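Got a structure here, written out as structure tokens. Questions coming.
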């Protein structure tokens, strides 16, 4: 039991909000077995295992859930999803939680910046230019991260040397306009379906 | 000749050019005809899902399938992350009528429609199931006899659709492929463990820690090289091997190759098809006895 | 029947190599004057069997002794029709396979076994079945709830007249008052409408004779001839029935004892039954509801057992809340979710519908401004948690079998003489005066209860085993169970009732000696009214008249022979099993003189477990002590002390009883046989000591069917201890 | 005129019970069993929970009931090929596979001494070997040998035939078919332990010291591969610690969706096996929920009170092997302590569940199966029972089989009208 003497209090409002996300209703099926906790490639550095995160959602602990690194450390390796005995598509739930976190201003993790940078590339070009993602990422993260980038310059140089880092981005796809229309429509549909 | 549509994906045009080059050459050598999907777009990968949600990401992915459907050929994917996107999206089109209707409603905004008629397949699986080990063996000119290969299948390749063609936890098919090339598949418990994937930039430590465990496991098994079907796995291991050595005080120097590169070597295809110069950790020494020169 | 004995000695399977067959034959022809004695190398082969059949036809042989393999094999080969006696003398598993070939001791052993078999024949006759007069094939079902209705319907559908007695004015019982039912079929996710009205109609259509507002005032008689007095609204009716299904159900655990969970203190803390009432009445309007599992169950202070049905019943009720108000918040507090088997789908369904499951122990329920607050040790959350604003808290208050509600029958006060003697006695099974059957049995008015008052079977393999023949408990009176189990249970009990009727009609025993047509006959002229037989019969088969004379009811009897073992006057015998029969076997064994230094140990072995175990020792060629002579008994309960007397007088150095485990997890198929035998032994130890015979010479041990590996050591150790005691001083008195 | 006889397919505890119970009402019964012996899975169990009594005891009584009852006919090595007709009058084609040993066999065992070929002992789940001619097990009923034609060297060898003094060996024996006319049919083909190889994260098949619960029964049984001594399969060493992994395959959307009902009690029972042989061994049970329903709770309480038995709330996720010691590392999230724990054990026992055999070999007639592969309904006059109907413990399967006997009798009664 936690040191805190005052019992934590159940509040289903947050849970309901999460259960209404695209894959959120699957969380309800969680039977608290903990398989995901072990399966996770990054379990050592996760604040809460997915199981525990789902439990905290049930409890209504919005801040704890949203400030957790759990979803951001998820590498989408599919191990938990493939193993979950209740068939909860955990990585898809993590996608929803990331999206929800970004939308609700809980995006302090560096991964959140990377995600945004990646999306900006995709949306702007129809393809991803890895160099572009990196640049955008550092712009979003600011100076501290550039220091880290310097530490990694060896990696970058080696990649350049082995023709692994094209300096110029690929051409935008021809159907970019149509792709943007599709995306816009898809997001409209999603909002419609959510309610 | 068997024909397929090819979805290369963004990595193949940048960090994983060696993969694309060797795939095309190996396909040709095995009489597989690959036609690139015209004007394909990024699948968005799981990263896009985390920003715009699964539905939007899957609709984006579906644009590629919609374009490919005109030809009606199986869609072959090399990149495991792209495969995850395409295969899962395709599955939803086939199994979930409600999703299909919604997705087509969105696709229609761009003038596309997808009926869900195609099969999405991995190049590894196509090589094994459509060509078969016997034909592959017959095509080998320089058997990789004595080469000890740690078959690093990675995570998404076998877990995107579990049990589709291999055990999602302890895959064996790529090992069998390596054996068909004359090589020896080593014991490698971490063969399906995640490399850290897209955290390479934002949370490098994750990748380094994962890579360490993978290198450790491969070395314990006595591998000379690591083979993989996945561009992320290849890059993360290849690019961070030295950082792993720095952090953990280790001395790993395992070359990391796409399985298609090893096929190209065994088939004795030209150097351009083998694309070995793209490897950051030099594979030349390990492969010296198989007619490979810098 | 004039016995014409024919003995056949098989020399196959190593018997011929192990023994001097000619010498063995002389035992039959010389000592026992058997008119026919032949040997054959392959007796179970076609030629061997033909040999026997020819003798039956040409020579009129009618009493066949097969000296060869165990009776556990080739039973079908050596079967020559119901009018022939066939006795097997086990020379293979018990002699040739576990003793050295060509040894003097081995030969003596084989000869003794043949003597014993031939001696046994003297008092062995073909049984004649007991016929019940005015036999009834009607099935009586007591209890008109879900289980009772199902049992009645199914027995009627099998073509049997059926009578149903229900104490309430209407049929249906607890389930009848439910708003909806849990799923009873795949996919196990959908609530079902209450099936009781349809079941009642089916019962009526099937021609079941129904008595409502009726109870059993008295149940007298025995299978095939139970006479029940039914009291319906004060007037009585008599019915004769063949067998009975007891389906009187359970009662919810008394919620007044659950004050710690707020019951009785707060109006909105209710029981599962009250929930159903509210739902039926259309008064269920709640937007936040909690269910507390194991309210009473799995609790040493209340019901230590799990009530089995509550988890899925609460899930059902939670879904009812959701059905009425999809926006309602529903919580289930649990210890373990026990949605066993395919009810896992139901659990998942409840989760999908948004029911919140909390693994936790409720520590407090309090009321604030008219709503309830629950505090719990929330195990998977790792903290104390609180949830409030409940407008309803439902206690899953478990079940207590109707058979457990009543006072325990006290042992009748011992008369002074008996009390003074302080004779050890087996504890009588608990019988609770629950006013369900009101049996006119000497042993008490209801079925004996196991732990917690459930009149359940104690056997895993035989869940309908009953200690009152012809009466089968079904449903939640028997054990805690859900509706799906109760449904099957009802049908199974109906089958057992029908089976008992059919067996009784042809004079056969029911399980475990099913098919046995022998039954105990009492030579009343010598009875001393000691009551041992009536007290010890595990099945309550024997009543007493006012003078304490035993009144046997053969169709209640299970043919174990416990009465025969109990009787000090040896007045109880079966046609094919009796005190003199076994006595003759004991006496037939040759006990060498002290100077020969060949001790003899007599073993009485239970034929259900110990005998197969001995066979297995043989099959494994485990060698054991050759001084041992084994006599199979139906059950150690049939052990009569006179056999021990006979054995000691004859000069046996020791006697060992091999019986089944007793105590809480007893394995005796006749409940108390081995325990009774041990108690009897303890009674004679003093006598033995007084005669200068060490009581350690006679002892009991437990052997289960898998203990065959331990048997050689068991016998060797006993032999070694006897050796230390020295020879039986009675040896040369003969 | 309808037929009063009943066919029972499957001679395990459910089939035996249904057959014996129906026959003791007075109906003629035919039992068809695919193995060379009756008794099925329970004959491979060491003890039953919660009494810890030997299954052979109850089987022995059932075999006695068969021996004494001329209304019961049984055929081993037999399978149903087809069913035609309807309730009250079915015609069933039965294939009897060759046993290569005929009814003359006296079980003397001389053939075994002569036989040069070996086979994996399926009765002990392949943990030891028998000769190609073998007695299925010590309590085998009927007590007759059989020859495994996969292992036998054939007529060219013939050493067993030479050794047999009774002419019981027939190496040229062929499969036969026969027809049976019956009024109703009971389908009791039982279950198969879920293939633990499919749970590759637990390493079964890769690590010798990861075994399944059914193998544990054989290890603990005196007539098992180790004479009842529970030891590490990798080196035969004694055990200091053991982990039981519950729901290995059961309650799992990827494997067996339903709960298999028996595994919790089975593992608690196995804990008592270990405790009896190793008073100090550390025993851990990894679980989601302990499902000791009804009066089984007492057994749960009793085992919990034993010293050095820890129940860990958390499904074990992975098993790794320490290559040096062959010890196994079990990783799980202890949800009460809220942390991932790694513990080392000498032996890991997977509580694998029940896959109904009807999910692999269906009834050759019209029948509906539920999503778990159990029989939901079959044509009138055909009834599934026991573990082809739902996952059941022995007592429940027997109860169910008894009930099904009545259903089958009703069919024969209906057919007569």
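We call the chains A, B, C and D, going by the order they appear; numbering starts again at 1 in every chain.
By our rule, a contact is a pair of C-beta atoms (placed from the backbone, for glycine too) under 8 Å apart; a residue touches a chain by one contact, two chains touch by 3 or more.
In this text, all values refer to a predicted model and were calculated from it rather than measured experimentally.
Enquirer: So the centre of each chain is just the mean of its C-alpha atoms; given that, what is the distance between subunit A and subunit C in Å?
Expert: Centres of subunit A and subunit C (C-alpha means) sit 62 Å apart.
Enquirer: Taking each chain's centre as the mean position of its Cα atoms, how many Å separate subunit A from subunit D?
Expert: One centre to the other, that is 47 Å.
Enquirer: Could you put a whole-Å number on the gap between the CA centroids of subunit A and subunit B?
Expert: 23
Enquirer: Which whole number of Å gives the spacing of the CA centres of subunit B and subunit D?
Expert: Averaging C-alpha atoms per chain gives centres 43 Å apart.
Enquirer: Which residues belonging to subunit D are in contact with no fewer than two other chains?
Expert: Touching at least two other chains: 201, 251, 254, 335, 338.
Enquirer: Out of subunit A, which residues touch more than one other chain, so two or more?
Expert: Only 31-32, 82, 86 qualify.
Enquirer: Among the residues of subunit B, which are close enough to touch at least two other chains?
Expert: Within subunit B, the residues that touch at least two other chains are 162, 168-169.
Enquirer: Could you draw the chains as nodes, link the ones that touch, and say if you get a line, ring, star, complete or other?
Expert: Topology of touching chains reads as other, fitting no named class.
Enquirer: Applying that definition of touch, give me each pair of chains that meets it.
Expert: Result for touching pairs of chains: A-B, A-C, A-D, B-D, C-D.
Enquirer: Which stretch or stretches of subunit C touch subunit A in the complex?
Expert: Counting only subunit C, the residues touching subunit A are 329, 331, 337, 347-348, 351-352, 354, 356-357, 359, 375, 377-378, 380-388.
Enquirer: Please output the residues of subunit C touching subunit D within their complex, sorted ascending.
Expert: 12-14, 41-42, 44-45, 69, 72-73, 75-76, 154-155, 157-159, 185-187, 298, 304-308, 336-345, 359, 379-380, 382, 451-452, 454, 456, 458-464, 479-481, 485, 488-492, 494-496, 498-499, 502-503, 510-512, 514-515, 608-609, 612, 616, 619-620, 661, 665, 667, 669, 704-706, 708-709
Enquirer: Using the touch definition from the top, list the residues of subunit A that touch subunit C in their complex.
Expert: 1-2, 4-10, 12, 15, 19, 25, 28-32, 55, 58-59, 86
Enquirer: How about subunit D: which of its residues touch subunit A in the complex?
Expert: Subunit D reaches subunit A through residues 201, 247, 251-255, 288, 314-318, 331-333, 335, 338, 340.
Enquirer: For the complex, which residues does subunit A have touching subunit B?
Expert: Residue positions touching the partner: 22-23, 41-42, 44-45, 71-73, 75-79, 81-82, 91-92, 94-96, 98-99, 102, 109-111, 113-116, 118-119, 122, 125-131, 133-134, 137, 148, 152, 154-155, 158-159, 161-166, 170, 173-179, 181-187, 189-190, 193.
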